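Note that the chains are named A, B, C and D in the order they appear, and that numbering of residues resets to 1 at the start of each chain.
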Amino acid sequence: MSVEAILRTHPRPVAVDLAVLARCIDECGACEATCTVCADADLAEDDVSELRHCARLCLDCADACGATLRVVGRQTEPDPASQRATVEASLAACGASADECHRHAHHHEHCRLCEEQCRRCIRACEELLAALS
Amino acid sequence: MSVEAILRTHPRPVAVDLAVLARCIDECGACEATCTVCADADLAEDDVSELRHCARLCLDCADACGATLRVVGRQTEPDPASQRATVEASLAACGASADECHRHAHHHEHCRLCEEQCRRCIRACEELLAALS
Amino acid sequence: MSVEAILRTHPRPVAVDLAVLARCIDECGACEATCTVCADADLAEDDVSELRHCARLCLDCADACGATLRVVGRQTEPDPASQRATVEASLAACGASADECHRHAHHHEHCRLCEEQCRRCIRACEELLAALS
Amino acid sequence: MSVEAILRTHPRPVAVDLAVLARCIDECGACEATCTVCADADLAEDDVSELRHCARLCLDCADACGATLRVVGRQTEPDPASQRATVEASLAACGASADECHRHAHHHEHCRLCEEQCRRCIRACEELLAALS
């Protein structure tokens, strides 16, 4: 079962390519969960004092992506400017989180996996943003 | 890439079966997205006045599941009572949403798919709740 | 302007005492913000390694209270079991957060203020829970 | 007790005027609650089919403001681009919600109150955005 399947049943025609939209929702959901786990893992590490920036940015990213998946998931009479602004907020948060996770990726596997997830979400958000323009 | 993969890299030993925990996080994430779409589709239907209860319960379910995936996703020194209470809140919300979607499943395909997703989330939450006890 | 004012304009009669309901929504909102700040302040402290449990519980509390303020804020055909379960999840999260903040309240002022806010939210949730029963 | 009081106790110096920051957090919290109630009241109205756009935009606004209050509430090593992008997402969502609520303000009191709240949040977000630049 996928988000794409339920989007296909929506009574309003979806304005953008459904696969692009569904991918953005899926990746934002994956980012919300992954960044929540990475921030929590940072907190548990011995070198937590080196990971404050990482934890903080991952928390931001979880919040931004959680909001975005909901706002872009709604197809009933959307406001184009709000749709774009929420995707842009997720892009900024994912970018900051990916770059900081990258700095810790070689000694913390959760940071390596979280960077990967954030970069996947960035690609999905960029595709949706292009489709919304 | 899966939530299970990043949970495996957490510095603290996870207290419960990792596959059970990951499934609950994944299903809560799927429920958050699916219920958001179903509530929005309800709003767009010609018979929206028959779907008020459904829309409302789906919004509740998205909120409850969004909170649960975060709270159970954290492994650093969890509070057992809070972990259980958040899973129970999702169970209640998913149950209400599934039952109401069931009433509309034969004429609204999004309700049929949403009921399915809520029931899958209920099974995953029940498994985690058993593991937490 | 208050949440109580807009609740008074809702087309459906509110099943519980409006002042009790509005207080719960207000305190959950204050808890969401206060616990977010306290968790972040924990992360910035020199003794962050002593504050992992506090940060984690405050993040849980922000998530639980954010979900509760939305679920109880909706008056259209609510599901009583879901309403109670979400308030109980906030009660559990606020209790855990208040108790842990209390342990740090004498050397971290943000923990002292956060404990106070969590205890205020507990009282408001208990009042609403009694009214819902 | 106010958000400003706990922000004052944060171990890191806050980069912007504390009163401006606290006002943005407070107004975003009020918007999250108010827009949740307005969307739910829309759903309960006899003319719900005229209020689909309003309900949808209020739900977006609640999601955007809930994310913003958390992201700007964190003071530990923030990412300036993410801070600005989340405030801009709330500005867009509040603007769309205020304009649509305005259209219904003369026959639905909850829309009138919600428009007022959204406009207050817009002012607070604009002040913070100016301070962040």
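Convention: a residue touches a chain if its C-beta (ideal position, glycine included) is under 8 Å from a C-beta of that chain, and two chains touch if they have at least 3 such contacts.
Note that this is a predicted model, so its numbers are computed, not measured.
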When A-C and A-D are ranked by contacting C-beta pairs, first comes A-D
Here the gap between chain A and chain D, centre to centre from mean Cα coordinates and rounded to Å, is 21
So, in whole Å, the Cα centroid of chain A is separated from that of chain C by 26
Residue ranges of chain B touching at least 2 other chains are 40, 43-44, 52, 56, 59, 66, 70, 74, 76
Contact graph of the chains (line, ring, star, complete, other): complete
Per the touch rule above, chain A residues touching chain B in the complex are 1, 3, 5-7, 9-12, 25-26, 29-30, 32-34, 36-38, 40-41, 43-46, 62, 66, 69-70, 73-76, 108-110, 113-114, 116-117, 120
Seen from chain D, its contact residues with chain A in the complex are 52-53, 56-57, 59-60, 63-64, 66-67, 70-71, 74, 76-79, 81-82, 84-86, 88-89, 91-93, 95-96
Within the complex, chain C is touched by chain A residues 40, 43-44, 48-49, 52, 55-56, 59
